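Each of the next two complexes has chain A plus one other chain: chain B in the first, chain C in the second.
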Partner chain A sequence: MELHGINFLLVLGLPLIGSPLVALAGRRLGRRSGWLALAFPLISTAALLALAGGIGLPTRVVIEWPWVPSLGLGLSFLIDGLSIFFGLVVSVMGSLIVFYAIFYLDKDEEHQGRFYSYLVLFMGAMLGTVFSNHLVLIFIFWELTGIASFLLIGFWHGEADSRVGARQALLVTGSTGLAMFVGLVILHQIFGSASVSELLSGDLSSGKHSVLFTVAMLLVLVGAFGKSAQFPLHFWLPNAMAAPTPVSAYLHSATMVKLGVFLVARLYPVFVDHSWWAPLLGLIAFTTMALGAVLALLSHDLKAILAFSTVSQLGYLIGYYGLGPPDGVEHDYLHILNHVFYKGCLFMVVGIVAHAAGIRDIRQLGGLFPRLPLLGVTTLVAAATMAGIPGTTGFLSKEMMLKEIFEAMRARDELGLYATACVVLTSVVKVAFSVRLFANIFLGKKPEQVKQDFHAPSPWMQLPPVLLAACALLFGLFPGLLDAPFGALAVEGLNRPQHLALWHGFTKELLVSSLVLALGFGLYWLGEKTNWRWHHIPRWLRFDVAFEAGIEVFSKFTKVVTRVLRSDQPLDYLPIIVTFFVLLVGGRLLWQGSGLWGSLALDWGTVQPLRTLAAGLIALAVVGVLFLRRWTAQLISLSVAGFLTCFYFVLYRAPDLALTQILVETVTLIMVLLLLARFPRSAQVGEERRKPVRFRRVFHMLLALSVGGVATVLTLMVTANPHPSPIGRGFLEHTVELAKGSNAVNTILVDFRGFDTLGEITVLVIATLGCLGLLMRYKRTPEEYQQGPHGPPGSGAGEEVRE
Partner chain B sequence: MQLETALLIGVMFTVATYLVLQRSFVKILFGFLILTNAANFVVLAMSGRPDGKVAPVVLDPQSPMVDPLPQALILTAIVIGFGVAAYLVFLLYRLFLDQKTTNAAELYDEKESG
Partner chain C sequence: MTGPQSYIFKTVARFLFFLVNVFALYLLLRGHNFPGGGFIAGLATAISLILLSLAIGLEELHRVMRFDPVRLAAAGLTLAVVTGAAPMLFDRPFLEHFDMHFSNVPFIGGFHAGTPLVFDVGVYLVVVGVACKIIFALGKSTQRLRALVAEEEARYSSRVEQPIEEEVRTEPEPAQNPTIPDAT
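Presenting the complex of A and B:
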């Protein structure tokens, strides 16, 4: 366990810690920071291999460190076949990509340290997501990958495309990630455990029939669909191609977009027997698959072709889990690995071609084979893999795909038929654009512009794609090599690994496969013949344009709302607040207080005369403030009310309150009198002239009356239902025994709740300091000086003169 | 249930709200002072009808006493209310010195034109 823990820290902790270090070192190292960054994925890969060997697969190991134990939140990580498989894909691809990026980025590219720092951060976040054993942890790392992706897509933030692409990616994956979070929380609520390993091994049958379970599944799938660019959220992925090519190859084909696939695989045993699982995944994913392939054929930009074909393949991977039988699927690792091989390779090739020729439009390229023979062969292998030509992993993948889809067609009626149609259509289209990708870049005549701009790429840069293509070829020719690792990585309830072989005999699949190849070549020939004139993506399929328009409308809408609700006069906000108080509290009281009026009638008999008299006098004095004209008269009236309040306190058996109130009332009276004395007469006269408009006055009056009404009803309701055992009784019982004082109010203040009183004193100190500050920071004007030392500013001493 | 107190609270809240909604600083200050007392009365009413009870001073444990907790809370509230009122007074004074007006509306009018 101890050794596993250290190993695992190397896998996950090192990249997370290393990311800021790379950024810091990047200032010094500049272009060479890539070599520093390369260390992290290499170490992760090595540690991961050691870990995989150490735990003795196919066991399941949980490594846990406490984090927020009071919330049941731990740094808990699940190490099993699935997470190790994805972890290896991430770290090995990470090594290749960083190596590739070192040669891809221009020498004079700025902020290289930052770029590698983001890459390493992303890798750490990816590893965190796939290894997380806690649902909350999955979400945290999941969103971290989204943020890293945002930073990387927007790395060339000087260009508008990058900014738009980054924003789209962040909005789509971020918001769907939130939906997923809600789903995960619901899962936690239903099954009482947030641990993935417990969800996978525990008995879940009790909670599976609730509606909430369906809701949780839908929300989790929204998250997976968003991240893996499923229809209708697929549009962000092609726009994310504004990123530097290493990023596209790494995040947007090999790893991050597979997180949705990963999540579906991770929770496959939990959801698979839900009756909506297969239809939902099947419909959406296979639609995505067919649509992505068609859109790839309709595109001309090299990266866009690859992006749409990625969308298509992701659709297949998710749909594959959707149609899988309840006891597990057979060849998911093969399909994923195959995609990583050829798509990662093709992205890097495209990056090199764009780098060397300066062009990314496939219509303007051609005849590069003599110049780039190695790359041409690599591309040939990768494109053959994508098309599924025998001898590559693509062929294996396609054979298995067809075999399984035929089985599904038998098992699932209409859905299976739909899936089969999508798969066959996609395969044909895929062959066509694979051929196009190779033939139109490397064969044919070389256009003039390519001749002028061409410069040879570094041979080192070609190493990673060559390696990937070699893998595709090696495992394609000797599929038996994959049996052992896939067998070891199998997870119970998810995988049922089967033996892979190159030759299955003359089967139905082989026949269909050959037919697909022929049709695909035919489609390519048709395209060439018509010069691809019919090629453009129709407007109604441009979801990204609609999305951007939606964002525009949204920002306009918020502007309108702000303009309506905003006022230049801060005073306008108070009536709004008071109105809301009346509506909310008053509305609630009306809703509930219907029983109040009955009990009210009984109360008239118990009205006590002395209290009523005092209350009447206070009310009279208070209302007097409204009707008296001069400030001083109003103040006196207010003071009368204050002193009568003391009497009211006495009637309520509160001697301490009465004493305090007398003191405070006296000081307040003096203080406000002093203030009013500083104001010149003209100020008050001016106030009287500036009467507000009648409408406003009536509105304020109504508002004030309703606040008063609400306060009365509230008081009546609160006092009508006294608590059966108020805590004040406890203070009364213990005041002599514990606090050695008979006056319970005093002992509460200085003894039982002494700290509260300390806080109260602090408030007074702060108020005093505030007052001092207000007095001290004032600078007199020369005019005020001339009025003599005894004429403080605003005293009105000079007022007569001015008048 | 204490009808007279509840009605008094209603009157005080009405007057206080109306005053606070005015544009004159002095009126707002008066409204605030009334509001403080009105809020204290709400808490006071929670201690229940005082008839037939004595003050919460334990001399004879047998006699019924009023609840001391609301009183302790009000005591704190009075003092804090006073602190805030004092701050408000000085704030108004300072505002008058700087802006030469006692009217909130005028304050913002000037800001906009200047």
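Presenting the complex of A and C:
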């Protein structure tokens, strides 16, 4: 156990600690910080392999450290086949991607330390998500991956595309993540346990029939669909391609977007027998799959093609879980691994091509094979994998999928039929754009622009995609190699590993596969024939545009609301607040009715002359404020009232309060005088008394009188009905014994309520820093304010201009 | 923020500065058992500094003090947090306090002291730093000086923003002198 803990800390803790280190070292290392960052995924991979060997798969091990035991929240991690599989995908891909990025990023690219720091942070967050055993922990790491993705998409934040893409990704994945959090909390409520391992192994039949269970499932699925870009939330993924290519290859195809798939797999045994599971997942995921494939065919940008095909493949994976039988699916690891192989490879290839030729539009590329022979072969293999040509893992994946849906067609009538139609359609389209991707980049004749701009990429950069393509080919030709690892990684209730073979005989699947290939090539030929003229994404399928419009409308709406409610003068807000107080508290007091007046009976015999004198003087000073004309005089009069209050405290034998009151009053007076002298208007015009309109005066007077009345009644009521057990008495009694001090006020401040005091002084310091920042703010002249280029401050208008 | 230009006031203010601070120290040390404490003592020290600034002027005071009061506040906060966190090193709860009894100390006799006093010193420093910084910055700005010296500006604001005082300077002189009206 101890050894596993250390191993696991190397897997997860090291990247999380290392991320800020890379950022710090990046300033000095510059371009070389990539080599430092490369250490983290490599160590994680090694430690993960050691861990997998150490625990003796296929067992399930939980590693736990206490964190917030009072909330039942522990750093609890579940190590089983599924998490190790995903962990390995994340760390191995991480190594390849960091290696690739070292050569991908330009020499003069700035902030490389930051880039690698985000990458390492993302990897840590990913590993955290897949290994979390606690539902809340899953959520925390889940959102951390979203934040890292936001930072990485927006890495080139000088470009508007990056900013829009980053914002969309954050909004969609962040808000759906919150929905998922609610779902996870409900799960916790229903089953009384937040531990995934207990949910998976425990008896859940008691809670499964409640409506809440359905709600929880729907909410969790919303989170999964948002992260995995399922219809109708698929639009953020193609826009996330504004990120640097290594990021797209890593986050937005190989790992992060698979978190939705992971979550579905993780909770598969919990949800699978729900009657809505199959229809819901099937409908949404297969729709996404078909839609994504069609959109990929309609796109021209290399990264957009791959992005939409990723959307399609994510639908494929989630749909596969949707149709699975209750005792577990067979080939989910194969499908995921297959996608990692070819999509990671293709993304890197596209990055290299765009880097070398400077073009990302497939219509302007061509004839690169003689210049990039190695890359051409790699792409051929990867595209063949995507198309599902025999000899690659893609073929195996497609065969198994077809087998699955033929079974499903027998088991579930309409849904199975729909799934079959979608899968066949998708496969045909996929073949077409796979062929297009290879043929239109590498074959044909070379356009003039490519000839001019081409510069050869570093051979090292081509290593990671070559490795991935080689894996796709190796495991495609010898699928038996996968039997042992998949068998070891199988998780009870989720997987039923089966033997994989290249040749299954002349089956129905093979027939369909061949037909699909023929049709796909036909579709490509048709496209070439018509010169891809019909290729553009129709407006009604541009969900991202609609989303941006929605955001725009929302921000306009908030601006309107702000303009209506906002005022420049605090004087306009004060009556609203005070009126509310009077109506609420005064109304409540009146509601109480007769009991009120009884408690207000005064006992004139207890009136003490000295106290009455002090109170009378205070009242006099306050009245003075009303009748004095200059604001300095008013202020001083008000502060006289404050000093007289000290006198009152002394009469009540509260020396601490009196001392504090004197000093606070002094400092406040100085500060308010300075502030008033500083305001431009009083500074320039001097003391000027504003003459309010009569109606306003009467209204304010009434308001002031009623506040005074309510406060008086409240005070009298409280003194008439003292609290039966005031808290102060306990402090007074225990101050010497517990806090070793006889001044209870001070022992409360530093000992009993020391934490409050600590919070207060922290707030003081923060507020001071804020004040200093405000003192520095650029103040606009009235002309600038009204018709300046920036619009009113805070309205957000003209933000672009400022840059 | 200038006081009356009188020799008597200046001399008395300097004298009072020490007197008030001795009083503040007294308040701080006795706080645990008698009326007093870090907050009150901090305010007293802040007031003494304000008084001194009235006597010798803010710029002169800045020269004499040589450091940014915000650092004082930061040091105080650090001290309080460290006092609170230190027991955690020994597996005790956050902010647990300890005390010792000293007997036969020359001139004083026996007395109690403990970590609450250290915590209180933290509070004292925060209050002094915060009150002084805000009041000095405001005071300077009413005197048509920059609220913060150039090196501080970089510390407290973003580089794109302009300090407000620069704008005031470029304006034509208003008719009236915008300082606080003095008693004179």
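Simple rule for what comes next: the second predicted complex is superposed on the first by the 575 of 803 C-alpha atoms of A that agree within 3 Å, B and C clash if a C-alpha of one lies under 4 Å from a C-alpha of the other, contacts with A are read in each partner's own complex, and residues count from 1 in each chain.
The criterion applied here is as follows: a residue touches a chain if its C-beta (ideal position, glycine included) is under 8 Å from a C-beta of that chain, and two chains touch if they have at least 3 such contacts.
Please read these numbers as outputs of a predicted model, since none were measured by experiment.
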**Prompt:** First (chain B), second (chain C), both or neither: which does A:712 touch?
**Reply:** first
**Request:** Kindly classify A:671 by the partners it touches after superposition: chain B alone (first), chain C alone (second), both, or neither?
**Result:** both
**Prompt:** Touching A:755, do we find chain B (first), chain C (second), both, or neither?
**Reply:** second
**Asked** So, does A:575 touch the first partner chain B, the second partner chain C, both, or neither?
**Response** first
**Prompt:** For A:740, is the partner it touches chain B (first), chain C (second), both, or none of the two (neither)?
**Reply:** second
**Asked** More residues of chain A are touched by which partner: chain B or chain C?
**Response** B
**Request:** Pick one for A:164: touches chain B only (first), chain C only (second), both, or neither.
**Result:** neither
**Prompt:** Touching A:346, do we find chain B (first), chain C (second), both, or neither?
**Reply:** neither
**Prompt:** Is A:775 in contact with chain B, with chain C, with both, or with neither (first, second, both, neither)?
**Reply:** both
**Message:** According to the stated criteria, A:270 is in contact with first (chain B), second (chain C), both, or neither; which is it?
**Reply:** neither
**Asked** Hey, what residues of chain A end up touching chain B and chain C alike?
**Response** 655-656, 660, 664, 667, 671, 675, 678, 683-684, 686-687, 742-743, 745, 749, 757, 764, 767-768, 771, 775, 778
**Prompt:** Which residues of chain A touch chain C in their complex?
**Reply:** 632, 655-656, 659-660, 663-664, 666-667, 670-671, 673-675, 677-678, 682-687, 739-743, 745-747, 749-751, 754-755, 757-758, 761-762, 764-765, 767-769, 771-773, 775-779, 781, 802
**Prompt:** Taking the complex as given, what residues does chain B use to touch chain A?
**Reply:** 1-15, 17-24, 26, 29-30, 33-34, 37-38, 40-42, 44-51, 53-59, 65-72, 74-76, 78-87, 89-94, 96-98, 100-106, 108, 112
**Prompt:** In their shared complex, at which residues does chain C touch chain A?
**Reply:** 1, 27, 31-40, 43-44, 46-47, 50, 70, 73-74, 76-77, 80-81, 84, 94-95, 97, 99, 112, 114, 116, 119-120, 122-123, 126-127, 129-131, 133-135, 137-139, 141-142, 147-148, 152-153, 156-157, 160-164, 167, 174, 176, 178-181
**Complete:** Contacts from chain A onto chain B in the complex sit at residues 568-571, 574-575, 578, 599-600, 603-604, 606-608, 611-612, 615, 618-619, 622-623, 625-626, 631, 634-635, 638, 641-642, 645, 648-649, 651-657, 660-661, 664, 667-668, 671-672, 675-676, 678-679, 683-684, 686-687, 690, 692, 700-701, 703-705, 707-712, 714-716, 718-720, 722, 726-729, 731-732, 735-736, 742-745, 748-749, 753, 756-757, 760, 763-764, 766-768, 770-771, 774-775, 778, 793-794
